[in-house]
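Would you mind keeping the following structure in view while I ask a few things?
Chain IDs A, B, C and D follow the sequence of writing; residue 1 opens each chain.
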Amino acid sequence: MSGSVYGNIFKVSTWGESHGKGVGVVIDGCPAGLSLSEEDIQKFLNRRKPGQSKYATPRKEDDAVEILSGIFEGHTTGTPISMVVYNKTQRSSDYSEIASYYRPGHADYTFDAKYGFRDYRGGGRSSGRETIGRVAAGAVASAILSQLGISILTYTSAIGDVCIDPSRFDAGEINRNPLYMPDANAAKKAGLLLEEQMKNKDSVGGIIECIIKNVPAGIGDPVFDKLDANLAKAMFSIGAVKGFEIGDGFDAAKATGTKNNDPFICDDHGHIKKETNHAGGILGGISDGSDIFMRIAIKPTPSVASTQKTVTTAGEPISVQIKGRHDPIIVPRAVVVVESMAAITLADLMLSNMGARMEYLQKIYDRRSE
Amino acid sequence: MSGSVYGNIFKVSTWGESHGKGVGVVIDGCPAGLSLSEEDIQKFLNRRKPGQSKYATPRKEDDAVEILSGIFEGHTTGTPISMVVYNKTQRSSDYSEIASYYRPGHADYTFDAKYGFRDYRGGGRSSGRETIGRVAAGAVASAILSQLGISILTYTSAIGDVCIDPSRFDAGEINRNPLYMPDANAAKKAGLLLEEQMKNKDSVGGIIECIIKNVPAGIGDPVFDKLDANLAKAMFSIGAVKGFEIGDGFDAAKATGTKNNDPFICDDHGHIKKETNHAGGILGGISDGSDIFMRIAIKPTPSVASTQKTVTTAGEPISVQIKGRHDPIIVPRAVVVVESMAAITLADLMLSNMGARMEYLQKIYDRRSE
Amino acid sequence: MSGSVYGNIFKVSTWGESHGKGVGVVIDGCPAGLSLSEEDIQKFLNRRKPGQSKYATPRKEDDAVEILSGIFEGHTTGTPISMVVYNKTQRSSDYSEIASYYRPGHADYTFDAKYGFRDYRGGGRSSGRETIGRVAAGAVASAILSQLGISILTYTSAIGDVCIDPSRFDAGEINRNPLYMPDANAAKKAGLLLEEQMKNKDSVGGIIECIIKNVPAGIGDPVFDKLDANLAKAMFSIGAVKGFEIGDGFDAAKATGTKNNDPFICDDHGHIKKETNHAGGILGGISDGSDIFMRIAIKPTPSVASTQKTVTTAGEPISVQIKGRHDPIIVPRAVVVVESMAAITLADLMLSNMGARMEYLQKIYDRRSE
Amino acid sequence: MSGSVYGNIFKVSTWGESHGKGVGVVIDGCPAGLSLSEEDIQKFLNRRKPGQSKYATPRKEDDAVEILSGIFEGHTTGTPISMVVYNKTQRSSDYSEIASYYRPGHADYTFDAKYGFRDYRGGGRSSGRETIGRVAAGAVASAILSQLGISILTYTSAIGDVCIDPSRFDAGEINRNPLYMPDANAAKKAGLLLEEQMKNKDSVGGIIECIIKNVPAGIGDPVFDKLDANLAKAMFSIGAVKGFEIGDGFDAAKATGTKNNDPFICDDHGHIKKETNHAGGILGGISDGSDIFMRIAIKPTPSVASTQKTVTTAGEPISVQIKGRHDPIIVPRAVVVVESMAAITLADLMLSNMGARMEYLQKIYDRRSE
């Protein structure tokens, strides 16, 4: 298997290689009656487009999406939504050399170990271009959530050792800098760090934070399909992710129970809330109505211009220099991928939650209301 | 749904509540011909048994497992393995009070939000006793892996701010102290910390590390079902987990590419290896033949003896003191749960990997060898 | 795999062998808030109990079900419902002989071919006792459907060449004769046929019909998960089933379009209906609001007392006589199994249908109604 | 959901509407290393192409397939295979009228009932064009089976009341007549029947038979995922299928046990076989090594040129005449769809069977053989 199908009801199948004919996605299980256009999808894709800043691949790719099915008269029909982005630049010649050796930090060796051979052109299926399908599906999932009043805020919180300052947090700033940082000052410092790394022929990692707002309490299945468990899988399914936290994350391991527990309170409207949110919006795998807060650690771009030691596919030691220009940082372009996977995961669990109570079945199948 | 089914081929269904008649598990998809006895399962269960140290619930429960199906003449038959542990102590009266309010840090409120009501006795389905089914299944998965030469080492690496000293790491020590720490000195210090917390009517969290050794390169599906993604889900499906790292984890976010990349080398037997293991044994979601290394952050036990603020199910503010004796730390008893989920996850992916190449199909379906 | 898990949301896992410790089932995904007791389950199980007539195994087994989890204060909690029926009669000695040869018409040979060995006692996992788990789950699914106004009528329509006479159809008669035939006259004739077959040391097959009434239009997924496709699988998953029809079935193959098409009409309440029901209540895989009508062909009991030719497990030809008393007909005891599988299948598709429209999501997640 | 994903390991997702931009399929889980070209796929698609005889739609459509991913250097890579057939003729205007009423025998009404509205152009997702994706996937599955020595023979056995004469069965004839009948005489008679029905502005149904040869014994999972259960679902997932039989099918219901049981014998090579094949190659849901034999009943084309009664979407009674030329018979074009679904189903179960025994795991993961 290649494990390219995700979700139980909102089911996403991505396909395509970096230098094949194109990349795409099929979504089965999107509810009918959702207003949806190619523009809705394109807006999401544009957030991961290369060539948008000096820190990203200068290749100008359009990545223009085409919806091939599942939409009629501006609305989803409930049948599969197929979307494709054709690859414009299929210059295989650039990549012929990497057929012969295993790039450190890449999946070249492991694909060979699994499948016996690999499509070596530009990383093939393990290329970042695979995420185009996810982002297109994420745009659809976000449209569903948006109709239900749920929104997601995703941004870069650290690049290398440059972290945002919580006291300067400004959500409006996120889309004003090419690094998607909610702190102009940190973005500026991070920019300098990236320039330095590019000069060093090196790269850096970073951290993405994602906040899902207004999720009703009660979403997520209590044992294996916990909301946080599914989010963890979703995030770790993104290449280059090495760490994941919900709420206080690793800090909770050092806290005491009395500090870490969030007291329940009742607000003025009679709604039960939590006074604090160390839990990150999830208790026992089920949303508690607070903001869902998660942090995702991303490793540095493995393609660096410096000389590296490795072996050929035959096992001979060699020194290599990865050619072509590569982003010195994966993080900014991964922001929308994180948001997309969060949206897909939440939408899928909300759909499966609809059968949680007999009273929900009665609401939908009660013929008296028809 | 309650999301109590896990795995694609090695499929595990757990059931049971803390104070119901019992807890158990059904495994569908275990290969036939595996030698297996109740003793193999009991050994695993004994590692999570309460009442084994002064830091754990003094209730002496047997937790004796019974295999009800799927084994014949000492071997698995390929059909479902059903296992049950009957609950001995069903003292519902102890728990009647908690029906009326929401315990901070617990899933009481979220279960009500999802299902409309809950089995409030001892946490019901969200109790730690649910993991008995996982551990029984983990014992079976470990037996499969063991036959293939794969072993798993799991231990406590930190309790509160007491961390093990890597230079004193002694695997043999793990089973000699009640905290499962591979460093006798750290275990002693952690013991003092726990006594202090018990006096404070408080609790602490900690970190578990898990190393899977000798996994062949090539296991894990490259896109959504990455080996690390599935491990992340597996770990976050354990109650109280708040963070997860593979390899360097969050440190990778601060590293540079040249430092974080692991050079490939060729060993004396002509096998391709990695010189370092920042990646934690997984590249592009697929095992690379190095040790798989992961870290899991566990929050402090939410049941603390101190007075806490919360609300009743009707939303009225109250102060509560959780009665009964509760472990001041979840970590030691979670060690075998982590190991079990790792084993189940890996076994399942190894089973689905068998169809990765046409040559594997030919190996099994070639009639000339029959 | 043993394929012992069924359903996407209402997920049923059966386990157990004929002469193991017991048989049982775990249901994950039953909505919370359904009133359910052991009596509800037992009523269904009693319909498949052996020893109820001279045409069925004289062994008097209680088959008393015990619910081990998932019910609290008389209602489902939304968490897994585990149910067990312990085997009373484990007389393995009766079955030792059949270990050495392959019974014609049974799964002895194919289990060996698949798994390398088998639990030969009483058919092991391929025994009819496996259906106890299905019937217990079917009782739960039926309780859900019943709450939504849906009912199922299942009966024997033919035994050997004795068919019911549609003009004498009397639903009230079904439970008045041991063959579950809705025609007293046919039941009498069939009884004589069975006595004759028992004298001949032979057995016969028959046909079961199943009608699901009051299913709302719109249930079933249009492509692979068509309602009829899932019902076909459900029925063929019952041992001994050899044929399945929806509506006119094989007769439709001989009909013309103008005859086979059912005209749509509008009833006095303004509801769209079909004037006829050649389609059997399903169009394009989706329920159309008419009765769902299906027919299931069941082969004769393979265990006959006559001498039969076969081979030993080593391939040596031998003549065998199957010992013990066996039902001369499978059909009557399979009636409730058919009904159970129909109920499980429909309940599961109704649960997954809840996400079919955005307006359904809004009905459930609209907070104004809270 | 639209249930457009099929299979557990060899996972097929079809998409597309009759008059949308195109139709296609994504296959996830195809083993790596299979030789595959667009020609292999096109050959299968050509067998369902319209316009090939006077009994089929005269629209000349190319239905030229394009492989967009998953193939590299002439072989499958193990990653998703995406295939598309663009629609050439999108004359929506032809279909505008049918938006206003519900065609008898079609899924117009049930789609509206499920989703609230529908893509009414040419049947939208319920059109026969949806099967293009299945046939493309079937070509891939057939290539896998072919490598393992398995072949499938599929043909028309009856059209209306014209049946093939078993004594004249000639497999070579199947591809020599446009009706895919293995009996030239029957094909001629059936041709006359069809001309008559066309004159009558009517249509007829028929029966397809499918034989899978050389399947190793041991394939299929014994409980819910029986090989015959999965084949039944596969066949009933094809629009217009109303009946399904394995082996003797409904005739088995009238047979006695001594007649219906197939004696086991041992052939000259020491292989265990069955002397007869009433079972149709499957016992207890698992292949027994004999030919797998199944029969599928197909209803008459619902689109007939005669005047029919129906209602408008508002419920008003009207008389309609379906415009355009429609095939008077679905059967011949469905032959390759049946074969494709059989191939997909068998390939998927063979892949999941690879984990049936510990010795299979050892064969693949034993490093000594590397």
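Everything below uses one rule, namely that a contact is a pair of C-beta atoms (placed from the backbone, for glycine too) under 8 Å apart; a residue touches a chain by one contact, two chains touch by 3 or more.
Fair warning: this is a prediction, and the values are worked out from it, not measured in the lab.
Listed by label, the chains that touch chain C and also chain D are A, B. Most remote from chain B, judged by the distance between CA-atom centroids, is D.
Centre-to-centre spacing of chain B and chain D amounts to 44 Å, using the average Cα coordinate of each chain. One finds 38 Å separating the Cα centroids of chain B and chain C. Residue positions of chain C touching 2 or more other chains: 1-5, 9, 14, 29, 32-33, 78-79, 114-116, 125, 216, 222, 352, 355-357, 359. Partner chain D is touched in their complex by these residues of chain B: 8-10, 29, 31-34, 76, 78-79, 144, 147-149, 216, 222, 350-352, 354-365, 367. Considering their complex, residues 1-6, 14, 102, 104-107, 109-111, 113-116, 125-126, 130, 158, 160-161, 197, 200-207, 216-226, 228-237, 239, 241-250, 252-266, 270-272, 275, 279-280, 282-289, 297-304, 306, 308-311, 315-317, 352-353, 355-357, 359 of chain D touch chain C.
Those residues of chain A that touch chain D in the complex are listed here as 1-5, 9, 11, 13-17, 20-24, 26, 28-29, 32-33, 66, 68-70, 72-73, 75, 77-82, 84, 114-119, 124-125.
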